[in-house]
Amino acid sequence: MSEKIRLGILGGGGDSLIGVVHRIAANMFDYYQIVGGCFNPNPTENKQFAAKIGLAPDRVYDNVDLLIAQELSLPPEERMQVVSVLTPNFLHFPMAKQLLENGFNIICEKPLTTTHAEALELQAIQDKQKVVFAVTYTYTGYPMVRQMKQMIAEGAIGKVQKVDLQYYQGWINPVIHDSEQRKSVWRLDPEKGGISCCIGDIGTHAFDMLEYVTNMRVKTLLADLNYRYPDNEMDVDGTILVRFSDYCKGVLRVSQIATAEENNFTVQIYGEKGSLKWAQENPNYLNFLQEGQPLQQLKPGHDYLHAFSLEGTKLPPGHPEGLFDAMGNIYMGVANAIIGEDFIHGAYPDIEEGVRGMLFIEKVIDSHKNGNVWVNL
Amino acid sequence: MSEKIRLGILGGGGDSLIGVVHRIAANMFDYYQIVGGCFNPNPTENKQFAAKIGLAPDRVYDNVDLLIAQELSLPPEERMQVVSVLTPNFLHFPMAKQLLENGFNIICEKPLTTTHAEALELQAIQDKQKVVFAVTYTYTGYPMVRQMKQMIAEGAIGKVQKVDLQYYQGWINPVIHDSEQRKSVWRLDPEKGGISCCIGDIGTHAFDMLEYVTNMRVKTLLADLNYRYPDNEMDVDGTILVRFSDYCKGVLRVSQIATAEENNFTVQIYGEKGSLKWAQENPNYLNFLQEGQPLQQLKPGHDYLHAFSLEGTKLPPGHPEGLFDAMGNIYMGVANAIIGEDFIHGAYPDIEEGVRGMLFIEKVIDSHKNGNVWVNL
Amino acid sequence: MSEKIRLGILGGGGDSLIGVVHRIAANMFDYYQIVGGCFNPNPTENKQFAAKIGLAPDRVYDNVDLLIAQELSLPPEERMQVVSVLTPNFLHFPMAKQLLENGFNIICEKPLTTTHAEALELQAIQDKQKVVFAVTYTYTGYPMVRQMKQMIAEGAIGKVQKVDLQYYQGWINPVIHDSEQRKSVWRLDPEKGGISCCIGDIGTHAFDMLEYVTNMRVKTLLADLNYRYPDNEMDVDGTILVRFSDYCKGVLRVSQIATAEENNFTVQIYGEKGSLKWAQENPNYLNFLQEGQPLQQLKPGHDYLHAFSLEGTKLPPGHPEGLFDAMGNIYMGVANAIIGEDFIHGAYPDIEEGVRGMLFIEKVIDSHKNGNVWVNL
Amino acid sequence: MSEKIRLGILGGGGDSLIGVVHRIAANMFDYYQIVGGCFNPNPTENKQFAAKIGLAPDRVYDNVDLLIAQELSLPPEERMQVVSVLTPNFLHFPMAKQLLENGFNIICEKPLTTTHAEALELQAIQDKQKVVFAVTYTYTGYPMVRQMKQMIAEGAIGKVQKVDLQYYQGWINPVIHDSEQRKSVWRLDPEKGGISCCIGDIGTHAFDMLEYVTNMRVKTLLADLNYRYPDNEMDVDGTILVRFSDYCKGVLRVSQIATAEENNFTVQIYGEKGSLKWAQENPNYLNFLQEGQPLQQLKPGHDYLHAFSLEGTKLPPGHPEGLFDAMGNIYMGVANAIIGEDFIHGAYPDIEEGVRGMLFIEKVIDSHKNGNVWVNL
């Protein structure tokens, strides 16, 4: 009946924030219909949540195995076409692997996996299966980020010679100073959070953004992390020197102890002819600096923007859109890929970006643990 | 099955921007299910559009009469509970009237009607029917606007002594200077646009916002409008002096020829103890000025905000939300009213605000046509 | 010996803020040497102050009569060439008149006089004497204001169609609400402050700026003032509708009860092709909006600026200059006029601007007292 | 006669920008009288310039030796009390040394010398002579920088745990890409510019500011510099990791190839309780972030500021002051020290700061040349 893409969701039930973000994003352009999923490992809560969001019970599954089995038994024109994986990080790998092997398209939250090796394994399967696989580095979906990517690709700022990205939050500060309190934070527990807190959570966003907008690959890095207290095992702050070459360098600065910062993620890319500057907390402004010219401030929805940037803007200039809209644009990119529409490279962050993210985390930790030395990516 | 509120929609089909806004808003909090409606006067296009947004054809109606008749024939637990009226302005009145008389809750786009008399007629019916009737002055849904309203109500800035609101756009500038081009704009045609262009379209937003955040009623006003050319019959700019009393005064400034402005709507409220300033293009900042103190900048999602403001924020601080979220909050307010939850006054703009808006338009035109004289509201 | 211009000063002794501003401005470009004056009506304090600022006692005079008499007795190459009048407002007229009649160039603080009639009388004398006569509307000296003036003159924004200036301060708020306290403020005492407080003090700045940057003359105005309390005789707030023609309109908004505002003076000029926006508290930014283009932000010191703007900037881009520098530029303009250098019109605010300012004050009060009616200028 | 401090100047003649800054600063508070100096090595130009700025020829000297000899021959109450050294960098050391040895107070431009060894030598003499010796790290003179220093000292943000300073300019970008052009820039010539371009010129400002506002000393650093081209011998960009301890870290980021940046110097200091952020291009705003509180924006001239901050503000809030005023405050600090007034530590940057700056440059180059390794300061 409906021509919408049939979407299933794993995780994101209850009060999950990320569940809200993905559902709103999926609904944003009338592309998707959420047809089922498994939102919660507890079967009762799973069903209750599904009812709350208006789903009929027949495609609400107790686990991913049942989901795959039953969906595969449906005719292709009824079967889920894409599954969003919003579960805790350690479940991304096994779930995505099963879904991949059974031919489902996938939208996976970041970090893609818990190790680079797992990520490579997924990538190898995806190479064979040729399904769409998106990793939701949400911020790449902002219209002005896409404009930045296009402008750099087209030479607006010339050859890139310096990069500087900052991702500062303060949310760990209130708990870090008391040894009891900090034990209560799962991200600070290596058992649950893996090998990194700050780098894994937000450093990867910065790293992905850097490679996304510049279309370049970091060659080598040197990291200095801060754990704040000797007995704290997880990084809460770090500065990472990066090099694209001996003469194109830069820095990523990330922190969760930048007290009272909210989500202060900024991007500064300097080229030989000009520069581009963007800030996540005011995402609808892109500052374009050119040698000897007045600064220009680009905003969404204008004819002077690239089609790739305009595509993601629904409202006329001056009507602010936000984070949901950025995620909505990624969902639109995935939808276009699934229905075979021509689409621009970068319309959604792909598995390669997810793999690079995992590599980045491991290399940063390596560099720091080995005495702040250069390591190659 | 679903516990969601059953929503019907009139208008908003095709490329309609306002249709997108309302559908996203309705989906934002899992409160509503869109069950049907009439999106387009052309039956074929109507059905096609309904299919595109994933609706089954059985509750897609050719017109409002059929919608009312068939929905009333359904048992109450299946019947549409609320209908959003997104049609051209002149259809608001007849459609809302029928819906009201048949007991439907209503979400109506602004302006409520085309005359104050019509608006009063609707209000009289609503008084009897006791249904929920919202008029979508969207900007009142922003969390920081709601915070402003609460702070003023609780005396944070003391007694209000001066108000200043600006709503500047430039979109008419490109067409106003050529007499042929300006004939092509329906808002500049009195046949289609009614008695006012600028005041009706954006002046009402400013006026509603003023009364919404201050909880006060303007007593008298004096307006000077600008038509830019002698043969242009519709206002494209205006400055309106307002008085709450002889010693509490202010000004509303609205324009559609403020060249290259986008949607520059700002609110400045000055009280005896402090002031509050907000700007729509950066809606996630509320500036609070106090005598002898540093300026404070309030942002969404923080514990220091009122519950009424926090309720509308889905993301942690620093993750920007925008216009869709403001409309989503109004839909949440309507949902709470329909399901009988206690709700704060102001959770949605009500019919009284719609009626005041129509009165405002007529009085502004009166004042200007009579030589920029004071008229009472 | 020194080739500097010989400057005398009347007033500005003791803790006088305006004295500091003029002395720093005079020293800014090595144009002037302060050679004497009368800084204080009390002879002892006068001499002490003169010593404090490093003046030899021989040209420190007890009053303006002695100053004129003795300076005239000096040979022209030693005589004061220009006198700055920084005394209380009511003394501007008699002092300036004497100085004019004796052929001195004059730099006079604003307001020029206490009535329009006095101002016209000075202008008549100046017409005959042909001396340089500057009225220090300080804000016209900012480099970005001068850039705005030049850009408008050269058509950068096309024909002006709308203007909006705001000058909001909050400094009277702390004293206005107590009838005893407000008696202690000389500006609120008609005996001392003349016919107007807010309009006279800051409204004139806004009015002058409007005519300065647009090179146009206001034809008619309608004012609504606020006295805040029935027994307060002096305006503390006002909104003034202005018209250049029936189709080019605007508004001046001024207040001293805009609680906790500091010196929030903003200028917005809208033309058919673009717009210019400037704010005094961040004077080193000029926003240039053009139809369909990204906003441009112009800053001082760049080659893309007009010579008239560049002339007043001493430091490279990015090194902020402030109010002293604005006044310094006015002093430079006067210096160039005195030494006969070619100079751009507008290099200093002239007596015509002083006269217009006095006319403005009287017409605003007229309009308000007569019931907020249009009055011609 | 005059009670002013007698100031001599070395260098700063002709079109020298730094000469303008120092002369305006010296005149700002009526503390100083410029009595003579040597402005130019060419005797004719020296005399012409002196005449232009209004000096009598008798104390205009052909060189520093003559200046010292003749001034020492004057009675103490006529002798220059302080000499400002504004000559090219390599002359700072010999001139300052002579002046020190002869008991003159000194105001010396930064960098203090060309090597750390020279700086230590000066410091040793100064220790004996007990004269006032200021090194003009101009930015420390801004009122909001002084407020930041005081707030940190008094614990407003708690224990500092992270620091981040940026000093980005783009001025070398236009010349760096052409090997001929870059030869024409003296700062890129090791013969003239010493061992460093970017670090020496602006890195030292960032380093001094960091230690000035935190009252802490950097223990160790690791630097990665960028020379942009293999054959360019001078750094034009660098990122420097710094540590105060194993758990209090930070970064200094400096560049002269941050294309089209002007003088974008920012300071971010994060403590356990809150944070402070300041930007040189908008120096009249200090952002104070506190855990769970709205951001506060402090501005100059308010009673809520420390006396040390207020002292340097001449105008009421909202009247912007700029770089000259920052330098003026340093001159005021020196004046107070000379006349023996009690003064706050930090009222002027002292020789210790000059010595630390030279140490910083050498250590940064060491770290980079040795493969980006940690070096102790």
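A, B, C and D label the chains in the order they appear, each numbered from 1.
The rule we apply is simple: a residue touches a chain if its C-beta (ideal position, glycine included) is under 8 Å from a C-beta of that chain, and two chains touch if they have at least 3 such contacts.
Given the structure is predicted, the values throughout are model-derived calculations rather than measurements.
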item: Farthest-lying chain, centroid of Cα atoms versus that of subunit D; value: B
item: B-D compared against C-D, more contacting pairs; value: C-D
item: Centroid spacing, where centroids are CA-atom means, of subunit C and subunit D in whole angstrom; value: 35
item: Distance from subunit D to subunit A - Cα centre to Cα centre, in angstrom; value: 43
item: Interchain centroid distance [CA atoms averaged], subunit B/subunit D, Å; value: 55
item: Shared interface positions of subunit D, touching two or more other chains; value: 261, 292-293, 295, 299
item: Touching residues (chain side subunit A, partner subunit B) in the complex; value: 1-4, 17, 20-21, 23-24, 27-28, 30, 33, 51-57, 169, 171, 261-264, 280-284, 299, 314-325
item: Residue numbers on subunit D that touch subunit A, as the complex places them; value: 157, 161-162, 164, 166, 170, 173-174, 177, 222, 224, 226-230, 237, 239, 241, 243, 246-247, 249-251, 253, 255, 257-261, 268, 270-275, 289-293, 295, 372, 374
item: Residues of subunit D that touch subunit B when the two form their complex; value: 288, 292-299, 302-304
